[in-house]
Structure formats: structure tokens, C-alpha cells
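Every chain is named by a letter (A, B, C and D) in the order it is written, and numbering of its residues begins at 1.
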Amino acid sequence: MNRHDPEGAIAEAAKSFSNWGRWGADDRLGTLNFLTEDQRRAGAALVRRGVSFSLSQSFDMNGPQKGWRRRTNPVHTMLDTGTDAALGVQGFPHGIGGADDVIAMPLQCSTQWDGLGHIFDHGLAWNGRAAEKVVTSDGDLVTGIEHMAPYVAGRGVLLDVGRVIGENGELPDGFAITEEHLTATAQAHGVTPGRGDIVVVRTGQLTRVRRDGWGDYAGGPAPGLSFTTAGWLHGSEIAAIATDTWGFEVRPNEFEHAFQPLHQVAIPHIGLLIGEMWDPDALAEDCAADGEYAFWLTAAPLPITGAVGSPVNPIAVK
Amino acid sequence: MNRHDPEGAIAEAAKSFSNWGRWGADDRLGTLNFLTEDQRRAGAALVRRGVSFSLSQSFDMNGPQKGWRRRTNPVHTMLDTGTDAALGVQGFPHGIGGADDVIAMPLQCSTQWDGLGHIFDHGLAWNGRAAEKVVTSDGDLVTGIEHMAPYVAGRGVLLDVGRVIGENGELPDGFAITEEHLTATAQAHGVTPGRGDIVVVRTGQLTRVRRDGWGDYAGGPAPGLSFTTAGWLHGSEIAAIATDTWGFEVRPNEFEHAFQPLHQVAIPHIGLLIGEMWDPDALAEDCAADGEYAFWLTAAPLPITGAVGSPVNPIAVK
Amino acid sequence: MNRHDPEGAIAEAAKSFSNWGRWGADDRLGTLNFLTEDQRRAGAALVRRGVSFSLSQSFDMNGPQKGWRRRTNPVHTMLDTGTDAALGVQGFPHGIGGADDVIAMPLQCSTQWDGLGHIFDHGLAWNGRAAEKVVTSDGDLVTGIEHMAPYVAGRGVLLDVGRVIGENGELPDGFAITEEHLTATAQAHGVTPGRGDIVVVRTGQLTRVRRDGWGDYAGGPAPGLSFTTAGWLHGSEIAAIATDTWGFEVRPNEFEHAFQPLHQVAIPHIGLLIGEMWDPDALAEDCAADGEYAFWLTAAPLPITGAVGSPVNPIAVK
Amino acid sequence: MNRHDPEGAIAEAAKSFSNWGRWGADDRLGTLNFLTEDQRRAGAALVRRGVSFSLSQSFDMNGPQKGWRRRTNPVHTMLDTGTDAALGVQGFPHGIGGADDVIAMPLQCSTQWDGLGHIFDHGLAWNGRAAEKVVTSDGDLVTGIEHMAPYVAGRGVLLDVGRVIGENGELPDGFAITEEHLTATAQAHGVTPGRGDIVVVRTGQLTRVRRDGWGDYAGGPAPGLSFTTAGWLHGSEIAAIATDTWGFEVRPNEFEHAFQPLHQVAIPHIGLLIGEMWDPDALAEDCAADGEYAFWLTAAPLPITGAVGSPVNPIAVK
């Protein structure tokens, strides 16, 4: 890997690991095609105790966003309140009172899925489509996240790389997770992530910023996947992957003058569904306790028409 | 039931069907307490084929909202687009391009859960708390929807009242669904909704407006639950219930000069989690075909801090 | 004028009435350049009685917008309220309480200025610039409305065409105002609109919809300027012009299969500042009463960085 | 002034300087009543050169807000862009293209007027009204900023206290401007601010943060009016006053454990229109150059129905 030539490395990986055409010219789902009904049946069978976990961070003003490319934290305001109701100013009959609310937020502000229209390579989107035919100011006209709405439920696998490879359960910022790290972690856990799985990678960075403050969580240095994992992401035939970090891949990126090079391969070429800013900590504690790192996972994006991403509350059940 | 005295009827039902204190003074979950790990285990066992269904309507400008109490349809805008990327104006290196987006929407605009802070009775919220201590302009400080984030996954039961009782699969607007209708439907389906279940009631109104146009779907006449079902909602010990209508209960309401009287009992007194504007149609077709009306259901609200409701994409798996 | 060839007519008008290069290659102000300090001095001299008028419509949910191209009415919500303050839940010391608020709105939702980046002709913006270099998802990088912030104050002239030409003070929907109508109106008023003036054209449509309901005010049939006034708009050397209608020009447009053809000449080629949805009615009553149709006018856009338009509260003083 | 008893000092000032009832029980304008047609006529006579200045800061993501009480910087997004137009994806006929935009912002995020419903004293709003009858979640039902829409145009007076009293044109953070400072500045300028005037106080803090970065401009230490100026604010009978700071009054406030005590007197008791975050710097340079500190000023709030404040682009003309 030539650190001075991200464009060359990306082009090579894109060529080697492309899924373009694999599911037909009209495909809108990418690797989510790997998540079949068989996989879903096998995933549901993993529910043994009936205990459930949310893998979502909060959605509020106390989030990590600092305004990069106009990404803000969510602004939640009320249309009606209990104070209004208590004071009888709402104009409703027979003593009923109500509260309603509104939210304004970037779809990438907190726990999220990146849709297939989120990243382009030299003007090309997933499956080789022209970016300008896919995502205009009207949104994603082809691969909007709404097309994935029914499907993101299957077998989840936690790879707690922070716990297995890191110290005190945390990888340091700038740590590049390689295929070797992923494999060693899976072996330590006794799981084999594979075709159709939704893989959740815990780096421990969220644990750290929860303790120390957000700092530059949104865009600053972070542990994350190495660019060199592109082959594994492709070859493992996983359906989706998520991390507890802002940007999925290691930051600073491994090339000079680069910006999220693994995204440029993974989304438009592999067609991979990527999750960011997940919170696997409660689940990870439980997995460490019972030694079971596979579970039933539902992570349903909101069907926002034409969206290139979606906030999500992933639910793991063991 | 005296049609001229909603306040009296509500007071009586509130007294008869109250769950205040049932789960302690600090409770934030209401009937969601009925959804135990046992229930969840039983629910997951219902996954036989691995087929999944979204029960969510779309989130976009083409929704039914007309501005009642400032409820609008969602406004989705782009921060970055494929057209910008294609024209090379984004300033990113090595050919990467991106699209990002933003949404502004009422939390009650489309498929949703009503949180426990959504409705008050004479200034009292769930568990007998003073409304003004619970929901201020800062949101729901006590029973915000975020507290439910990990738990809304369990056994789902579809009661397709439209198909069993209605003509051509649809109940007419203004049709009040009684306990008898619910029981007859369950018998016809061969299911018994009970403790800890998440019940989905299909009236067929959504099917109708999908065919005929929204009209007054948001707040106008609609089929829905009769006020007289309050006892069943309480006694059945279900965890949650949702309909394919705007307002859950029959409209016009069954009392003169009334507004959503069943809400006034169900939310603050029973502590019941209510879903509105769900889309059960694809699931209902499948249930009619295979005769199985119970399934695994995950309907995870976004953990928006202090919210009195949440958009949701409920996922049923059979 | 060939009704079947809007493109040809637009091209011809664009060629005849172009101001490209007139104020240099770097110009960001268009016809606002005509509004000189001399004009401003003369305008201020028109203040005789000291009476002031707002020419702005309201900004609220009761507006005319119906969602065309995601244009909604403004949504105003509170961050803090008097009910919260009265109940003492705000946490402030020594008895102080506060109310704060938020707005979400299209910049074109109510009384507005169209900026120079609002309309393009075959991919070209004002002064011949490539549209894609001017307005990206980041906004108008060149001619953003903020550049006009200090300058929109000068001599205002009301042309009450509705009163002079219409019946009962109103022009019917679909009425095309020609140069002859403008001239006749000016003569009836005893004013001569010219170089550097801000012209306000009253059609009376707003009076009508205020009486009869919004109906299709936002985009439907309306009186307005004829395409044939392009020459007058150019030759008169006015600085700006505004109407009491949604779309400035007559609707339906005068060509078959056309959309706002006069905009396509006036904004990118003439560089004309256009106002829409103004409310001249109170001012018009006063002008009719005292016979003075020229006045001091300040109509300052908010300096929203990169905006292609701005809400505005124009203030006329006589 | 007892630094340990803000509540007592506020009560005393409130009693001494109250304007309650002065303009009748129904008043919605407060001190704006002082701005008569005579004043407006005199103000317009100050236009000698015809030069105009904007006193507005920018409205964009690069502002000073850090999220205090959910106050964010403005988020401006596009509904249509020049890149879309250039690529021909908009679906319009005859080569027309367009750009539209949306803004979401707190009304107190940048250059603003505080409306009369913005601050309460022990649950009482301007003119002695109960706060909960004035400002609910529906907004200000009585004194909404829309009522002021036509009137805020008159004689402006700049008091460049930074230049006269400060070093290098700037007062240090924490500097309390007293009546003596105001009077000395006015004398140095040769102006006498009085009845019906709109006074603009320049502290120089904005000049400093423009040079050094926002830092804690939004809510941190700042120069500003001393609590002891309450008498002058009342007795001078000015119509309105604005500063170049976030909070108008000196910060930290002059009492222990206090929050904006002068607001608590000035808004609900004096009924004073207060402007914050104005940018007087360009005007101040001109005033210093020509020695004329009085001018014509138009600062028209947007008539947002029920708003307790409004963004504004104040225009001074000399």
C-alpha cells in the first residue's frame, strides 16, 4: 500500500472487490442481498434468554457534532407541553391535555446507517450509476434508504476488538484494525462472521469519550478499520457492518491527504451497508459475561423517502 | 355510556382501569413492563420462515399532515448531493464524493409511538405525576421515550378487524371497534392476544386512503377503538397496541364535544404504549395467506432525549 | 410573441435586455447598482408625515404554501415559554423567566426577495456565470443575498394597477400587466418610476385571497407582469420590483408549456431584484387617500450567507 | 446596590421605573410608543449623503452559538441548486433552472430584537400580564413581535462607548457601562439621545471577537450596560436600544448568583425593545470620520406570528 497514492490504491481495491451487477442492474440493496430468509431464521434461533439491548446513542443537543459540513446535533422542540396542559391553556375539552414535539437533525448526527447513495467514487454511485442521476437536491432517487426498510433484521455478530486486542478494553485513536485483528477477535469469541451477518465492531472509543468527554469524536482521530480490510469486507459476504466510532475507518486515514478512502470502496463498489456511531457497550458487557457473541439483531432504518442515511435504534436480543 | 358526559365516563374508566403504582413510584415504562424476557423468548420462537415486513409508512412531504397544531409532513433536505459530486465542487481528495441530509419533522407526523408523556388527564401524567413536572419546553424530563429504547421487541399479534368484520377488508369511517369485535377477530385468526403482546389492529382505512387519496386521514373520521375497550386494554395486559389510523380510537369520538377520550384513559392511567399510522397491509396479506397471525415484532423508538413520541419502523418477522 | 416558442422568445429577450458585464465581471448586485446615494437622498426627502407601513405578510403556519417543491409554511416553535416560567420550572435565579423560539422555513415561503442566484437560463446565472459554480448544496457562493444587505433602501414607487385598471381594485387571475398598464397607472398616480427606484406593483390578488381564502395563491392562476414587460424592466433602469402575488409574472404563463419565462430573463440577464408575496394594501389605501405614490422604502434582506432569497419586512415611510 | 440581593434590587428598580399602564391596558408596543411620526420625520431629515450601512451580523453556521438552552447557529440548506440545474435534472421547460432554500434557526441566534414576551419578572410579563397567558407553546399570544412590524424606523443614535471610554476602541470584558459613561460618550459625540430614539451602543467586543475568534461571545464575559442604567433607560424615554454583544448587559452580571437582572427590569417593567448581537462597526467608522452620530435607522423585525424575538438587518442611512 503506497501511502502517497490513495487514488491508485482505491482504484485497485475497487476493481478487485466490486459487486457491480452481482444482483442485477436495478439493484437497490447491495450486500443486504446476502441477508436471506435462511439467515434470518438462523438469527432468530439465537434468542435464548429473551434479553434485549439498544445499540443506539442518544439523540439530543449533548451530542458530539460540531458543525462539520453543517452536521449539527439534534434540536428537539415542543409543540405542546405539560406546563401548558397544567395551566389549562390548550383549549381541549373534558380535562384532556397533550404534548407534541418536533425534531430537526442531520440523518448522520448520531447512531445511523449510511445508505448506498452516501458515497461516490469519481462521480459513480453503487452499481456503477452516475451520481447525478442518483442523488440530486430532491434526495436519492434510486437507492433511497426506504428501499431497505423491511430487511435489516438477521444474525448479528459482535467483534469486540477493543476488548480482545486493546488495553483495558479500548483501542487507541489512530489504531488501524486489520483483517488479522478481526480474525483473532472472532476466534477469541468463538464466532465466525460470514455471509449475511450484520457485524458490530467495538473499538472502545465510545467508552473512552463517554468517560472523558466528546472531544473530537466527530471527525477527529479514532481507531477504525484499516483500508486493507476492503478484501475481507468483500470476501466475507457480510450484509452490513457498524462501529462505535464517527467514521468507521481509522482516522487519521492511512494515506496522506486522504479522506475516508475505505468508504470510497465499500459503499459504491462493494455496496456495503455501513453503520456509524453505534453504542455496543451494554451488549458487549453481556457478551463478555456469557461468552455468546452472536445474537438476533434488528436495525431498521426509518423509511425517509430519498434519504442517504437514517438514524436507527438497533436492537440486539439474546 | 352517557354520550353527553365524557368527563364522567373518563373519570369512571380511569378509576376502574388504573395501573398507577403497579410498577412502583419511579416507573417509566407502563405496560411495557408486561413484556418480559419470557415473552421475548416465546416471540422469537415464532420465526419460522425468516420473512420480514416493515409496518412503517413513508416519511416525506407526500404525507397526510395538514398542519393541525403545527403537525407538518417531514421536510428532507440535502447538505451534499451527487450533482455536486459529479461536478467536482465538493473539495474532497482522490475522487471521493458524498451526500448528506437533514430532516425536520414532528415526531407524530407518520408511523409513530406515543410516549407516556403524550397525554394528560386533568393535569396528571402517567403514574399520577403532575404534568408540569413531567413535560416542559425542555421535553419529557421523566418518561421520555428514550427510556423505552431497548425493550420494544416481543410477540406481535395482528388483529385484522377490517378483514374479519368489514366489507372488502375495510371498516367504514366512524366504525367503533368493540371488545366483541376484537375477540371475534382473534377467534377467526386462531390467536389469543394477551399479557405482554404488541397488538396491531388493522382497520383497512390506510388501504382505503392509499387508493383514494389522504383526504382527512389526519384527524378526520376514521374507524378505531371504541371508548368501551378501555377495560379490555387494561385487563388483557397487553404491552402495546397500534393501528393503521391517525388517532387509534374511533372518530368522530363517541361522546359529544369530545377529543380522544380513550387516550385520556389509556396513556395516563393504563400506561399503555400506543402506536399510530402504522402500515400493516403487507403483513396482513401474508397472515391471510398462511393463517399465522402471531409473529416476532421489533418496533424500537429512536432514543430522542425527552421526546413524547418517536417515529418508528416496526419490523415483523415470521 | 409566438405562444408556442417560449425558448425562442426568452432567447431573444435575453439578448436584447442583457446587463451582463455592465457593472464589471465581479458584480454581485445587478440592478441594485442603479440605487445610488443620490437616489437614497432623494428618497429620504419624501418623508413628510413620518407615517410608516409594513409591506410584509405574516410568517406562520396559516400561510398559502402547499408543499410545491417542498415549500412549506413557517414552523415556529418555542424553546422556553411563559407557562414554564409561571410554573417555576426554568431554573433561573431571582424570579427571572424567559421565552425563546425557533423557526424553520423556506426562504421563499412568505414576503421575500429573490436573490440573483434564484434563477438560471440554460445553466447560466447572473452576469453569465456557470450555475454550478454559483449555487451548490453549500448555497450561493458568489451572489448570496448577504451581499445586498446594506443597500436596499431608496425611493419606493407604488403602482396600484389593481386600483387603476382593475374592477373594485383587483385584477382578475390570469390578467397580464403590460407596459401600457404600468404607464397608465403611473400617469394616473402622477409618478414616474425610473432609474434606481424600487417599484411595488399591487394587483389586488392578495386583497382577494385575504377575503376569499388562500386557494391556489401559491402557484395557481394570478394576475402579474406580462412577459412583454421585459423591455420596460430593463429600459426603466429600476433597481427592484415587487408584487403582491406568489410569482411576480402572470399565471398561467403566456406561453404553452412554460414556467416563469419572465424570471428567466429578469434575474439571470437583467440582474433584477424581484420581490414576491408583498402586502401593499395598507400603503395603497394611504396612497389613494393622499395621492402620493412615492415614498421612502427600506426592504433589507437578512444576510443569510449563501442564500438565494430572503424573507423581508419592507418598511415604507411617507 | 447590594451585590448579594439581586431580587431586592430588581424589585426596587421595577417599582421605580415601571411603565405599566402608561399606554393603556391593551398595549403591545411598550417604549416603541415613544417613536412618533414626529420622531420619524426628524429622523429622515438626517439623511444627508445617502450612504447606507447594515448593522447585521451574518446568519450562518460560523456563528458564536454553542447550544446554550438549545440556541444553535442557523442551518441553511438548499431545496434546489445550480448544480442540479446545470445537469438538467430539475424537470423544468425551456432551459429555466432554479435554486431555493430553507433555514432553521433560533430567533435569538444572531442580530436580533428581543420582543416584549422574551423576559418575565416573577411570572409577570410586560404591562403586568400573567406570563402564562402571554407566552405558551403556541408562542406569544399577546405581544408577539408581529405587532411591532411597521414601526421600528426612526432616529438612530450611535453611542460608541468603546471608542470614547475604551482603549483602542474596545471595552474589556466585564466592563459595566454606567449612565456617566453613556452621557460622556454622547457629549463627546455631540448628540443627545432622548425620547423616541433607537440607541446603538458599541462596546467593541464584536471587533475583538472578529479578530480573535468567537470564544465565549455567546454567554461569556462581556462589556455591557450596568444594572444601574435602569433609571436612564426609563427616564431617557428612548424607544429601543441595542448593543454589539450577546447579552446587552455586563457579564458576569453585577450581582452574585444572578442572571441578566437588567433584562428583568427593562423588558417586563420598562417595556423596552432591546437589540443584541448587532454589528455597528462599519457605521461607527463612518461616524468617527464625519462626526455625525445621529442617522435614520430602520430595523424591521420579521412579522413572525407569536414570536418573542426576530432576526433583523438594521439599516442606517446618513
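Quick notes on this structure:
FYI, a residue touches a chain if its C-beta (ideal position, glycine included) is under 8 Å from a C-beta of that chain, and two chains touch if they have at least 3 such contacts.
The chain lineup, named per UniProt: A, B, C, D = Cyclase family protein.
It should be emphasised that the depicted structure is a prediction, and the values quoted were computed from it without experimental measurement.
Any chain touching subunit A that also touches subunit B appears here: C, D.
Looking at subunit C and subunit D, the chains that touch each of them are A, B.
At the interface between subunit B and subunit C, two copies of one sequence, more than half of the residue numbers in use are shared by both copies.
In summary, the interface at A-B recurs among the listed pairs B-D, C-D or B-C; the equivalent pair, sharing over half of its contacts by residue number, is C-D.
Here the spacing of subunit A and subunit C, counted between their Cα centres, is 45 Å. Multi-chain contact residues of subunit C (touching two or more other chains) are listed as 70, 75-81, 83-84, 86-87, 89, 102, 104, 132-133, 136-137.
Contacts between chains leave no pair untouched here, as each chain touches all the others.
Residues 61, 67, 70, 72-73, 75-81, 83-84, 87, 89, 104, 132-133, 136-137 of subunit A are the ones that touch subunit D when the two sit in their complex.
Every residue of subunit B that touches subunit A in the complex is listed here, in rising order: 6-7, 10, 36-42, 44-45, 47-54, 56-60, 62, 69-71, 74, 76-83, 85-88, 92-108, 117-123, 125, 130-137, 139-140, 146, 149-153, 255, 257-261, 263-264, 282, 296, 298, 300-309, 311-315, 317.
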